[in-house]
């Protein structure tokens, strides 16, 4: 039996006198913060895309969330709880309360995602919201959580803005960002393709696309590459032929695809069809780069990604103990290895629970303090820091390459380099992240 | 001077000359029939009266106004109503609502944003519409949906709608086409009664000679796009030109 | 109040009572029961019922009365939202100026689009409106980002000017209000196992819904409404009756655009974020579906249709396998799993499937939409003596086999 | 010049997809008078016929490799498709390689059946219902079909490559005497264009030169009269619905190597194909084809950098975002019934 506690912002309760027609109203003490759990359980809200193009990514996130809840409540093999350097979690829920969860559908739309998050907060009494598969949604829901006074642990969001101009005190991001992709990719690209390259960008025409393009352009120009052109492509484009066709005669010898999901699969497929990768330009082999990869994108693009460089937040092929433990428990439960989206949300759930334990409260302000400046290891990616200034997580970033002749569909990408954390760090007031402020933590109520 | 004066109207479609130098004058207060064999240009001529077609040359004057270049609703506003070959009514509305609409149009003009008063509260219009239905003896059917009426009743309703605007000229395009004999006779009676009571000028296009000769006070015969004869009914019967025009057609 | 007939007064009163008691009616299950998932009586969803109700009522004035099927109505919703958020950013957190501006801007925008689109009728009109709305969406998502904040949607900021409001020193975003009454304030009434939520924002929305509904009744019963219905059934006759249909359709288009603007403004007032997706064709399509589903041309139908779709979107999408298991926990394991396995296709990530199936079933078996279902039930209860003087127009059409 | 030529090729290619879908949609409008919002779903079903067919060819015998282990440390499963087992390495691999073209043979009967079932089982009951009801029921159907595909195949795009022979590109420019590398064009896209040209002309030939086609055309113009002649027009219309479904389905099959199919692709094309049909003019088959190619080419031109910057000077940035809709508005304002529409079709 699931139990749903519901708490409004103005608390009152009425006691029904036996046989009395009129309820007597007694105002109870004001709650200390939004949805303060009073029973024996605590509810987390998992808000992921379940319909639309990113539904499969959402399903994978949900699997990881369920696994995390199972581990928190002492079920399963405990996964990364054993490799996590913080030992505050005991497998008895969070602060002794059993962890329950509700799920919702973001539809990858800001509006729907906010509606879903609101219902979790208002109806189900969720104390924390997490998930999502795009930056627009993450930023919109982060704003909502700030206003409502609950913690938001962003899921898959890569835009610089999430912890840049749109950062919020109640929001934390475990995922890496566009700047980090650029910083991690640049040295690898320099090694592989040299310093004299001319890059042509195709960029999805919305804010995530712009920030990634800006970051990659800055990083590649940093290693001496020239940017020939940047062409914005409408989000709704399905056939990229008319954007790909002119690339070959533009004088560029590298094509950078600042696309995600279906856009990326389609643009890469078109680029390969047009034979770009078989060509020589300026005496060099023409190359394609996809700065942000995901396992599902690799699967959808099939053989087209062979040899293409990109970056990811994490990969199940990493060799550290945390990764091994997680891959084992995920693989045994579901029969296939987890995606980097799954690892991100799993790690975040554990981190949130751990912060509650260390803070000794569910109060967002207490949790915020516990997470700010928190250093840990054992959740994959090596030593990790949640920076106080912008709530961005800093850890190693993976540069990946499409594998030739992969053994199976989960093995399409291989790690080329684990870029150390120091190399992808930046100052909190870096111009690409300027313009916003965290504000104060908001406990609601 | 008639109330409707048509002078030297020409209209052609591509190479086909549909109307050639048509002249016609309709006297106020009379029933004027326009007859002629198929393809003589009767409907084309009627469409020139109501703004659906614009003649290539010539003038159509009604009560001192030129009708050329005016839109159908403007022509109606100056007092011309039209009955169609197949009744054009508001099929999804009730009989009473069908009559209310022309009453409102008569009172309020081509457009009024009359969005906050109640139709049932507009007593002047309501009374007028109900009276109109009594006049055409349809008051017992006022709450029926118009599409469920018999064909004869639809025609009756359409006339009621036209008459409720007190038109100066009523155009009737084959008002009895496709009707059973009894319905036809009813229609003739209705039109005659209207003429008696209201003295409305009517222009009737009709195939059915029984209708024409029961009603018309004057008849124009149209053949191959021109008016060949315009005269009193008694003179039209047996007129050689008319016989010539109808020969072959009449034989079949 | 002589402006409404007895029947209409009763209808309005019925809606008013329903709206007033919604927090009770939509919360039939005790909070801790397994069926609590089906409760819809929480502020956000109740607000949405009212807001989308307004939207559908407005759309019905155009589509239900004139028959002109606009496939771009979401554009006005979006424009209304953007205007409202801008007012909240620049002027004040009071929702009144925001709502006023959203209605005005949506009205102007619909005047422009209507003026052009109404030059055509039928499907040509539909495609014109669709084209305008899709252009608005595409541009709002991309190049207009400085005005619309594109992908994320337009949000409030700590350093917005808000010239009418006192300086905000809390470090948190201010909340929307109505002369000091905060929209997000909720009063929770715990009655035994139930907890009922009374939210200020919801009652503001409900008040506007009632106003919108009242105006719509007035329009339906007015000579203007009669003319609009006349346009739907026979434009030729209308023109030969001395009436110019264009100003009538344009007026209806603008009125329904203003309704959409009000709905957009209310959405932004309840939750100050305006996303570009609310202008996409799917959003416009949703409005069309709400209206048809509820019963085109009926007064109450569109509100029911709006509630129906929003209910599925918000309730069914949240039922996951864990919840299913808890429902059937009384069964033996194998049976439990079997039930969950079958049902999980229809809930959670499968909520679209349920919605699609219901669309098909309803339109096949209830040609007049939910309203027809409602009337059939009512007639059954009255034991056949109902029927009324004016059978609905749908009744004359051939029902599906 | 070469850039223009490239974009014309691209436009023809996009246009062929639009034209094929719009053609089927117009056939259904014209013959049955039904607004079919499930037409995009038919396109999607076609694409998934190719996916299913290639999955069938890839049904594998599983053996365990004791030497290697998978990510969980268990023995690695080695999959050998049965077709390779049965027909040998070379024939079997060739069959799998040619899965997409071969699935045409699979898709035609499937699509005809889907069309037949859809028309007899559902659409038939909606002939006399208002267009709004038709929209609701077909949209519901489109959602249901999409969700069923999502349940079986997932939401992620599924790569379905063209046969090895048609992968990659060739130098089109050299063929017409331009310098090397000026106009590079992918093989498969040319195949797609050629294929759609064949399908479109077969449909027109069928309608133009066969008695069956003539009756259907007469029925499109005036259904009642043809019915009065004692011809069972309903049967023929059912068949035409099947044909329209097959055309949409084949367009989908052949499209899979261009873009990996996913369950939502039908919805992506739905709105666009309606715009194409209406710009072409309701009830006009040549109009639909013409509008398809015209919009395809204009869309390609609009994505050119030169064109984009030109419109930016006119304060119309991102012209490629809106070009289709802008053109639709202009066409409909200049020509009230689209390019070649007939009077009175869906105007009320």
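For reference, chains read A, B, C and D in written order, and residue numbers begin at 1 within each chain.
Keep this in mind: a contact is a pair of C-beta atoms (placed from the backbone, for glycine too) under 8 Å apart; a residue touches a chain by one contact, two chains touch by 3 or more.
In this text the structure is predicted, and so the values were computed from the model without any measurement.
Peer 1: Starting from the defined contact criterion, work out which chains touch chain A and chain B both, please.
Peer 2: Both-contact set = C.
Peer 1: If you tally contacting C-beta pairs for every chain pair, which pair wins?
Peer 2: Top-ranked chain pair by contact count is A-C.
Peer 1: If you average the CA coordinates per chain, which chain's centre is most distant from that of chain B?
Peer 2: A
Peer 1: Which one of the chains is closest to the middle, using the mean of its C-alpha atoms?
Peer 2: That would be chain C.
Peer 1: Roughly how many whole angstrom separate the Cα centroids of chain B and chain D?
Peer 2: 52
Peer 1: What whole-Å value do you get for the distance between chain A and chain D if each is reduced to the mean of its CA atoms?
Peer 2: The computed centroid separation for chain A versus chain D comes out at 35 Å.
Peer 1: Once you find the CA centre of chain A and the CA centre of chain C, what distance in Å lies between them?
Peer 2: One centre to the other, that is 33 Å.
Peer 1: Once you find the CA centre of chain B and the CA centre of chain C, what distance in Å lies between them?
Peer 2: Taking the mean C-alpha position of each chain, the two centres sit 46 Å apart.
Peer 1: Would you give the residues of chain B that are in contact with at least 2 other chains, written as numbers and ranges?
Peer 2: none
Peer 1: For chain D, give me the residues that contact two or more of the other chains.
Peer 2: Residues 318, 321 of chain D each touch two or more of the other chains.
Peer 1: Multi-chain contacts only, two chains or more: what residues does chain C have there?
Peer 2: 138, 142-143, 352
Peer 1: Based on which chains are in contact, what kind of graph results: line, ring, star, complete or other?
Peer 2: other
Peer 1: What pairs of chains are touching here?
Peer 2: Touching chain pairs, listed by label, come out as A-C, A-D, B-C, C-D.
Peer 1: Considering the complex alone, what residue numbers of chain D touch chain A?
Peer 2: 2-3, 6-7, 9-11, 13-14, 17, 70-72, 76, 150, 154-159, 161, 167-169, 181-182, 184-186, 188-189, 257-260, 262, 264-265, 268, 299-300, 303-305, 308, 318, 320-321
Peer 1: How about chain B: which of its residues touch chain C in the complex?
Peer 2: So the residues of chain B touching chain C come out as 50, 71-74, 76-77, 81-82, 88-94, 97, 100-102, 104-106, 108-122, 125, 143, 145, 147-148, 161, 165.
Peer 1: Would you mind writing out the residues of chain C in touch with chain B in their complex?
Peer 2: 2-5, 218-219, 221-227, 229-230, 232-234, 236-244, 247-248, 251, 255, 389-391, 393, 396
Peer 1: Can you name the residues of chain A that touch chain C in the complex?
Peer 2: Per the touch definition, chain A meets chain C at residues 1-16, 23, 25, 50-51, 55, 58-59, 62, 66, 101-105, 109-112, 114-116, 118-120, 122-123, 134-136, 139-140, 143-144, 146-147, 161, 166, 205-208, 232, 234-236, 437, 439-440, 442.
Peer 1: Within the complex, which stretch of chain C touches chain D?
Peer 2: Of all residues in chain C, those touching chain D are 63, 67, 69, 116, 119-124, 127-128, 130-132, 134-135, 138-139, 142-143, 235, 281-282, 285, 288-289, 292-293, 296, 345, 350, 352-353, 355-360, 363-364, 367, 397-398, 400-401.
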